[in-house]
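Given below, in the form of structure tokens, are the structures.
First chain A sits with chain B, and in the next complex the same chain sits with chain C.
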Partner chain A sequence: MQKKDKWPWLSAAILGILVLLPFMLPRFYTYIIALIFVTALLAMSLNLTVGYGGMYQFHHGVFYGVGAYTVALILTKTSWPKWVAFLAGPLAAAVVGFLIGWFCVRLTRLYFGMLQISLGSLVWAIVFRWYSFTGGDDGIHGIPMPSFISSLKSSYYFILAVVTVCIYLLYRIVNSPFGRTLQAIRDNPDRCEAVGVNVRRHQLVAIVIATFFAGVAGVLFVVLEGSVFPDLLFWVLSLEIFIMCLLGGWFTFVGPIIGAAIIVSLRTFVGIYTEYWTLILGVILILLIFFLPEGVMGFVLERFAQGRGELGKRRG
Partner chain B sequence: MLKVEGVEKSFGDFKAVRGANLTVERGDIVAVIGPNGAGKTTLFNLITGQLKPERGRILFKGEDITGLPPYEICKKGIARSFQIVNIFHRLTVFENVQVAVLAHQGKSSQLFRPARKLAVEKTEELLQSVGLLDKAYEVAGTLSHGDQKVLEIAIALGNDPELLILDEPTAGMSPEETASTIELIKHLAETRNLTILFCEHDMEIVFSIAKSIMVMHQGQTLLQASPEEVRRDPRVQEAYLGGEVC
Partner chain C sequence: MEWASLCTQLLVGLSRSMILFIVSAGMSFILGVLRVPNVAHGSLYMIGAFSAFSIYTYFGMGSTGFWLALLLAPVVVAVVGFVAERLLFCHLYQREHLMLLLFTFALMLILGDLVKMVWGPKYSSIMPPGGLKGSISILGSAFPRYNLFLLIIGPLVAVFLWLFTNRTKVGKICRAAAVDREMVGALGINVSWVFAAAFVLGCYLAGVAGALVAPTVSITLGMDHDIIIEAFLIVTIGGLGNIWGALVGSLIFGVTQALGVLFWPQFAIVFPYAAVVIVLLMRPKGLLKSVW
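Right, the complex of A and B next:
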């Protein structure tokens, strides 16, 4: 249990550094790090269903997009109070998550994933085609933000604060009876049903929670970028966040954060030199499958466990 | 306590169970025997809701539970273990049992309370009673086959069942493990007021602990009677192709 006691200190130290970063880094890097926060939250929300729930949520980007578009549309098309828009984003994502999930939990494994992709692509097609309402492939630009988060630095802190709270909530959820039961469903849904768990309902609740947090990430994306476009709901992005979970370690809590940091950095910095940055990603994935099948964090924890015997075997 | 009346189930053209009847009284230890493919496991799956019967009725404590989903049947007080090891591989031994205890206590959906503080006493008591407490923090997938089969039973007990159904509890175990598991089952039945329904290939075990035996053959119930009567019955001899029943 020693390990657990260290986590609060470690987290506090990291948080302290992150608070100071905008004073030390140029604007561009501040922006990239904020983007990593947003993407990390998105990947973590996906991991609740993939890593903890064992569900093939292949098209998670849709809920990110729904959250982003909801806040963008309300801010540009209505004169409602701004907080309504910020609240409506995650809620809309959760509602769409519920509707799609309601059908998907009736299927298992790959069939779940296939249906998820089809229904998700439907939402993408609507956003992509409905020019008069969503702006089609142009998206929506110059979305007015409340003044307290209109500068890069203030939006950085806003994003940092919201992501920190969300990660804390996800941590609590993962370690709650709900989270533990969810992991049991991942390992063995039939057995779970036999010990008295309503598996479908449990999975659906997990999806709604995950899509809610994806919606939060979508809202934060708008805070950072001030614009939305249909690529947010395109399957390519969904695949990328799926890879983030695998890369970082989908059976660990912080794995997706590391995966998000790696992918966003790759896209940004390798992308400067070549537009074929996905080639590099491909090579990394091949290496990952051969050498780190449990992801980066999985590998680190395993090393950690070897040094400490039984203690480390117990996953948080 | 449990009454199965004329239950039928087919897979495609194959009638796996056609007319099974079974009565289990409170406090009994009842065995279901029969050659391979007689439909024993299918019958158990029909009772606990993994499969839905096409015909017939299943009554538990006088209540019709035919065709209910497994989690509902479990809540009525029937728990089971499986023939092929069926545990939560990535969770620890402790967590395996805790999931069942949490489900039984209706706490599975609590979102923000830390799970490690809940249902601890009950879970540890169960692990103690099956002798797995010293392995509580090992990952279940790394246990030996024998220990995993015992863990199966512990998970089933997590629901505080009145009726415990065990599908070949000693399958694949060494003779020593088998002996200690049988002792464990006897002990549990006595100390926990359990009614037990099980199936088993090892006739020595069956005749040593069962108070009543139901014989299945080609999906049908041949008879249900006391061990002595079953031993004498010519139909049973025939079903087992002469004399395998001692």
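Right, the complex of A and C next:
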């Protein structure tokens, strides 16, 4: 109980620091931190299905890419109001998520993941080759942004605000009756089915919510980068997000944020010193698999709050 | 003319299918026995191609070089697989499924960068040996001889795999371990070594495919990313772990790709993915029976 009361204060303090950061840090670091926010939101959205839903969401990057491409295409090819584009991104991602999820929830485990990879790759292949519409493998660059988020500092605050709201919403969702049911389905689908829970519908709703937030992350990526490219929908990125969840601790709420921060900073800072940053990432992953199987956050929680919360339950 | 180009294009697609089959058969075999989608499979295939190139250059870039490369490159890959399996992977079999998947992904990252370190980011290529150079004429249009060679090798590999899994003791044990590993363990067989054998055989096949594909493509970094997703999809539509399924899947994949090039070149790579989706929507668990 005591522990629980600390969380709002802790979050407020972190948020306060994050608000002040752009005044203290050089541009480059501001950019990296904004990128971490975007990636963290993406990883958290994935964790809703992987960590809380127990589904093998192997191709989450597709929804990120669909969100990003939708906003990019509307901003460059139409003269619609800008806010339409910003709304359409997450909605398009959720629609694609619904369509793909509709087929995937009929299957379980590895089959679920494989079907999602094939459906996702279809989307990727279309984006990759449709030069006249999506720009093919060049992507779209120099996307015009509304003036209020055109500078790095203003886009930083925009991203920070949106991500904060989204994380709060995700927190509410995870702790709502729906979230609890989802975790129950993860732990024992057969029993849930037996007590009258519509397993597939819950899973589908979880996928749609997760893909919606992935779409939000995609929109924020465009806000930050001003460009999109097909690698956003490629399976390598999807596996990378998956790893962020596992690395940070997929049975914890904030784990994916930590995973995203680790991977993004590794890529940036190790990438400065050596071109072999994936080798180092691979070695770190292997060390992690052997020594921290519950992820960084899982390890921290286990150490400092033994027997508390979900970890204890899952172990038991 | 129209028929002739259709015919050659079909043959090109079929020979591409043979490469895909050898890669995905290895992956399917590992998946069937170990129940892990081996994400590092594409990297092993890439190592196969690169080491074939090195062996080929070492032996003077001639026919001898090619045949030795074809013989030795898969062995190199098998050794890499064996070391990775015995050193690290074999300690993880008791762990959660996703951790095994994660391990193979880490392996892919490491192997990819090791290839970059050893061979560098340049483009390399191999010439086919004397008798397989040039092309022959089929219905009036030219068809590379090397692709005909692939069309012969593919079925040979399939027969070899069938003989291995059905006629040898190790193969039978592997099949049994795929169905019920506890039972195999209870009969006094060291399951860990069965897994090692399956993993090494899978890696060997990836090496064979890498060495075989070397004369037809430019050997470069990134060839692992392209093949792995195709192999994944083939294994899925064939039925997880079913080697004959891998054959059917690669035929579908290769032929639709080739026909796509003929009918709508811009979207050629979309065709096989669309075919996969159609198959999966009709038969979500694959065309043939999965082993588990």
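By our rule, the second predicted complex is superposed on the first by the 305 of 316 C-alpha atoms of A that agree within 3 Å, B and C clash if a C-alpha of one lies under 4 Å from a C-alpha of the other, contacts with A are read in each partner's own complex, and residues count from 1 in each chain.
Rule of thumb we're sticking to: contacts are C-beta pairs under 8 Å (C-beta built on N, C-alpha and C of every residue); 3 or more make two chains touch, one makes a residue touch a chain.
Here the structure is a predicted model, which means the values were calculated and not measured.
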item	value
Three-chain arrangement built on chain A, chain B and chain C clash or fit	fit
Contacts of A:111 with chain B and chain C, given as first, second, both or neither	second
Apex chain A: angle to the C-alpha centres of chain B and chain C, given in degrees as a multiple of 10	80
Partner chain(s) touched by A:192 [first = chain B, second = chain C, both, neither]	first
First, second, both or neither for A:103, with chain B first and chain C second	second
First, second, both or neither for A:276, with chain B first and chain C second	second
First (chain B), second (chain C), both or neither touched by A:205	first
First (chain B), second (chain C), both or neither touched by A:13	neither
Which of chain B and chain C A:243 touches, first, second, both or neither	second
Touched partner set for A:177, first chain B, second chain C, both or neither	first
Contacts of A:290 with chain B and chain C, given as first, second, both or neither	second
Nearest-approach distance, in Å, of chain C Cα atoms to those of chain B in the combined model	14
Footprint overlap on chain A, where chain B in one structure and chain C in the other make contact	none
In the complex, chain A residues that touch chain C	56, 103, 106-107, 109-111, 114-115, 117-119, 121-122, 125-126, 128-131, 234-236, 239, 243, 246, 275-276, 278-279, 281-283, 285-286, 289-290, 293
In the complex with chain A, residue positions of chain C that touch it	35, 37, 39, 88, 91-92, 95-99, 102-103, 105-110, 112-114, 116-117, 225, 229, 232-233, 235-237, 240, 266-270, 273-274, 276-277, 280-281, 284-285
Of chain B, residues touching chain A in the complex	48, 50, 69-71, 74-75, 79-80, 82, 86-92, 95-96, 98-100, 102-104, 107-116, 118, 137-139, 155-156, 158-159
Touching residues on chain A, where the partner in the complex is chain B	169, 172-173, 175-181, 183-184, 186-188, 190-199, 202, 205, 251, 310, 313-315
